[in-house]
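Consider the two complexes below, in which chain A is the common component and chain B and chain C are the respective partners.
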Partner chain A sequence: MVDDRTSTIKLPNLHSPPKPVIVYGTFIVLLFLPLIISTPLATEILIWTIFGLGFNLLLGYTGVLSFGHAAYFGLGAYAAGLAFRYLDASVPVGIIMGILAAMLLACIIGALAIRSKGVYFAMISLAFGQMLYFLALSPLKGITGGEDGLTRIPSLDFLSFSLGKPLPLYYFVCIITGIMLFVTWRILQSPFGKLLQAFRENEERAKACGYNTTLVKYCSLVISAFYAGLAGALNTVYLSYVPLSTLFWLTSGTMVMMTILGGKGTFLGPLLGVGVFLFLQNTISLFTPRWELFVGAIFVVIILVFPGGIMGTLTEKFAAFRMRRQGE
Partner chain B sequence: MQQLRFFCKTGFLTLLVGLISVALLAALPTSALAQQKTIKYGTMHPLTGAYAVLGLDQQRATEMAVEEWNAKGGVLGHKIIWLHRDDELKGNVAIRRVKELVEEEKCDFIGGTLSGSISLAMNEFACKTKTPYMAYCMSDMVLGADQCEYGAAFMVLPYSASLAVSQYAFKNVGKKWYSITADYRWGHSLLEGWIWQSQQMGGQFLGNVYVPLGTTDFSTYFAKIMAAKPDFIVMNNLGADQTAAIKQAVELGLTKNMKIICTKTAQSTIKELGPAYNENVMGGMTFYWKLSSKYKGAKTFVDKFMKKYGSPPEQDGESAYVASNLLFMAIEKAGTVTDKKKIMSALEGLKYELTKGPEYVRACDRQRVQSYVLVKGKGAKAKGWDIADIVAEIPGDSIIMSCEDNAKKLPFINVKLPK
Partner chain C sequence: MSEIPWNVIAMQLFFGIALGCIFVLLSSGMSIIYGLLDVVNFAHGTFAMLGAYAVFVVVSLSDSFFVGIVSAVVIVGIIGMVIEFLLLKPLYGKDPLLPLLLTFGLSVAIPDFMKIVFGLIGKPISFPDALSGAITLGPLTLPGYRLFIIIFTLVVMISLWLFLKKSDLGMIIRASTRDSQMVQTLGINVSRIWTVGFGMGVGLAALAGAIAAPMMSATPDMGVDMTMTAFVVTVVGGLGSLGGAIVGGLFIGLVVAFTSYVASAYSSVAMYFCMAVILLVRPRGLFGEQGRE
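Our next item is the complex of A and B:
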């Protein structure tokens, strides 16, 4: 959806990539995250943030809604898990396998579906996602473990650090998250990133300018799958286990929810959305078994107060504020 | 620049608040709990999701066991600190929370869960972190090579439930049977048990339908079953699926011509079905509160639970209660709270009498060997919690295979399941 609120006040820098200091600052804050919340929760937030960064690139910056992103996340998780379990792969090799598998799948799904638009693409991607889920559940249960999930993944080490220990694991994931934040930032600044945003705003005009929109969207999908595959593989390293639910559509749904909560099309939106979502879920359930009620109510309030997502609305308000100050 | 200041400000504030809370948290235990020695027991229950009622029952029974031990002065003079978390019946959430319990809260022992697949993942985590794990649910943990010395299972194995119920059915109800099986691994395991027993006892297997989880309309299946004219229908499902199936079977008048036998049922299912769970419907459980008229231990347990929470315990609560008690008994027997290996070997072969007759934890695979109870509904005659009568109690030793067979999943691995 194109935002028409911009018509009253001109906001030139609304979707521009952030300043470098924000990228580095975020990374430094992340380094201290385990001091504030529990390390496993912090690790999970980072893993989902990577997933969210990629998803946001597709939904927020390119304007393509994929409702089957669980397929890439889950396939990344399974590919890494299978490599660890059956091939005794090292951590980097397992992660690369996860990434490659997810990208390959995106190449296939993209080739078949990227021409369809809007809700049609969402439906086709959902169908592919569910197909993969049922494949892992039944026909392939000999290797995937069916509904028990993939177990018996050995303990993993990286450069003589045991990734079974919470802090080494956290910083391992944190460094990768830092790199991915940086990469995302560079992508957004590149001509390719500008193209993505141009398509989101007006695909017809971009086409008229001579750009091959299908190809660029296809690349955006594959890059997004890179993030999802990486996150999936890291999730396997983190859990030492692949639950079948990683492939289920609910994983995709959760991702959509997190991205919208944080603010699609904003740089820090995914991080914030993921953080708020997981933190609320984790914390409120400590106090009451009826946590879903409270979390749901809080989400409703957040969406009412921040219609563009937390980060989206904040950025908008901030930009508007600056415009007014400049006007004065 | 303003943007930068804004982010620095919020970032700094979060950091500050975080640091203060960390400092406060760190200061608390040293001041308040320094005097008393403690051990920490962390459990996981599905307090949300499809089995929330049963999860709550587990949580309550664990609470009761911990309170009882703490009232006696704890274990070896150590007060038990009990923490519990909602696993939402989801594997990834369960592992995140159990990581928190062990890595952050420093729990010495873990327990719980109500899903066979989550218990497998938890067991693996327990093996890697060398934390004793008490599984409360029906699980294949001890089958195959999945188990290490740090896991113990306190509900019966899935196939044990089918062996117990089928033993009774083929002797007392009839030989011709038809089954409705939930289409996932647990359902398949139950069906394997039934088919094997049927071959041993000369049963006549007329057919089976696999039904996806969450099915609400069973009428098409029943038409097929009615035509086959079995003596009884076997239900290898649970929860809402079972409720819907029995309700429709009774409405269609099936129970006039044949019996319905649920391999596993639950008190809450019987209660929910009310008059539909009539005399022609039977179900298996590891524990039903009416055992209190047979065993003294059961009476104490049920009365106490009833008084505290206002309803009799489910089998899941009983399993939680026994598992927690046995953990503390094993610690006491081992004479140490720190040597986890010694505690686990103290659990092996432990004989006890808690909620049923004399029982034991099998030494070779740390599986609790217990009886299985078959109940019959009371239909319209049900009153309050008096909703079913016990028909039979099948002794535990007759429904469990040897450890050697279990390790190879024998004889069930050879059973050919129908398509």
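Our next item is the complex of A and C:
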């Protein structure tokens, strides 16, 4: 086959991990987000950011493209929803159920598919995601509510704060987002995180160095499912309802678009991508219900012109600017 | 199974093969594109959807279903070649995931565009008169259109095989699939061969959409399911293998037909389940080459 098609994309600032001030600074900015935009939108941004942090760990830092992350997000949402509705579970218990269910699924799908090479894994993960969607749609209708989604989830309290109200809910999600930002940062600093990036750069060499690439990719997938399950469960808390669309392939596709838009393999990429995407989606749908046309077209342009996404392109331009300054 | 009379089984077999034929056309296009360009075409089903709409437009203008099928292939093939030339070419030599992501973007944007042009509601396409009847074969009554699909697919696949084996262009395409740099060295413009190959693959998808259209009517969202089916067939048959596309397509067609008879709720799930089993037993697919999975 064509041998010269190896990765030649310029990668954004690999060797300098985000400084601690960026992590804490972002968290402080997030605390004031409801002052700028509506609280529900801000909550939605945070939930998708958690999802995106995990997805970016897999796509951006490990180099594995999954098109089936809706499965983990949706399963997390359903597991939490079922726990709230039938077991009368408390908020932390429901969220933990969602996370565990998503991770278990990732363990199974990963065992079947993670050995496959790039594009092949993308196809297989997508197909498994659709399998779950169709399972929830018709054969498991009795449990999942089929097309109507999972309804009648009781209103939830956490430490005597009612999570039915927008602001307490926002700060609840915001604290979890802060924790996950910190955790992601620590993962990237750890030897494991360095290993992930080594695989993305050159899997063959990492293998030759004696690392078990399959096992590390597998772990990366399961960790990423942790984030997706958490985000799914939080989405259930946020909506008090689980729409069937959480399992639909477009949920996976949206995540892919958000991550690429923000800049895969950059620390703040997912947050930025989610923010810009949801803002675009909300703005365009004011004018036309056909927002997918515009979002899809924008995505195509980004792939062609700015494959590094917003953060990647900014980092690159900034680096070029500094080089020129030094040259003068 | 013993309660099911044999003629019901024979009917399901027939329906399964007819459905499988559509999958064969769809996935062989996908295989050609992957074999030649190393591109997984996420918008494959979207092109099939365009084929179905092309048939709808041409049939309403010319009143001939066969003119419709031919022009669907030509129109969509040309659209595909333009897209390959303008959008995909700049991505060769970069990250191998980028073409997949680009075609994914197309599969999000194009159906919405079709919704603006043709509306949300599907466009029905009537069966051509000559094929709308049924043919009695002993105790079996076979719907004529499905019989047509089987014969038509047979003719298309044999011509495709002859084209690839016997013609000069077919030989160049096979050679480029094997080693495009060597072909380039021999003084052949491989870049142009890629464009032609993409057009051909997409044309086959359009053909699948076109002949499926009278049975399911053309809707903007039909593409996603077809892409999904093409993926499953490709995983089952083996990525980039034409033989795999044929066997995998027929196999999945039969699986869908029989599960919709035995347990209709599971008909959409069954093919994914088959895929999981194949992955477990033979990760490279039935006909996949070693090392390409």
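Everything that follows uses one rule, which is that the second predicted complex is superposed on the first by the 283 of 328 C-alpha atoms of A that agree within 3 Å, B and C clash if a C-alpha of one lies under 4 Å from a C-alpha of the other, contacts with A are read in each partner's own complex, and residues count from 1 in each chain.
Note that in this section contacts are C-beta pairs under 8 Å (C-beta built on N, C-alpha and C of every residue); 3 or more make two chains touch, one makes a residue touch a chain.
Just so we're clear, the structure is a prediction, and the values are computed from it rather than from any experiment.
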Is A:M123 in contact with chain B, with chain C, with both, or with neither (first, second, both, neither)? second
With both complexes overlaid on chain A, does A:S155 touch chain B (first), chain C (second), both or neither? first
If we overlay the two complexes on their shared chain A, which of chain B and chain C does A:P307 touch? Say first, second, both or neither. second
In the superposed arrangement, which partner chain does A:Y86 touch: chain B (first), chain C (second), both, or neither? neither
After the superposition on A, what does A:G296 contact: first (chain B), second (chain C), both or neither? second
Looking at the overlay, does A:R115 come into contact with chain B only (first), chain C only (second), both, or neither? second
Using the superposition on chain A described above, determine whether A:L135 touches chain B (first), chain C (second), both, or neither. second
Comparing chain C with chain B, which touches more residues belonging to chain A? C
Looking at chain A, which of its residues have contacts with both chain B and chain C? 291-292
Parts of chain A lying in touch with chain B, wherever the complex brings them together: 19, 21-22, 25, 29, 32, 35-36, 38-41, 44, 146-149, 151-152, 155, 164, 166, 235, 239-241, 243-246, 282, 285-286, 289, 291-292, 318, 322
What part of chain A is in contact with chain C in the complex they form? 1-5, 7-9, 65, 67, 112-113, 115-120, 122-124, 126-128, 130-131, 134-135, 137-139, 141, 249-250, 253, 256-257, 260, 290-297, 299-300, 303-304, 307
Over in the complex, which chain B residues touch chain A? Could you list them? 2-4, 6-8, 11, 14-15, 17-19, 21-22, 47-48, 52, 56, 85-86, 90-92, 95-97, 99-100, 103-104, 116-117, 120-121, 124-125, 128-129, 146, 184-185
So in the complex, which bits of chain C are touching chain A? 38, 40, 87, 90-98, 100-102, 104-113, 115-116, 179-181, 224, 228, 231-232, 234-235, 239, 265-266, 268-269, 272-273, 275-276, 279-280, 283, 292-293
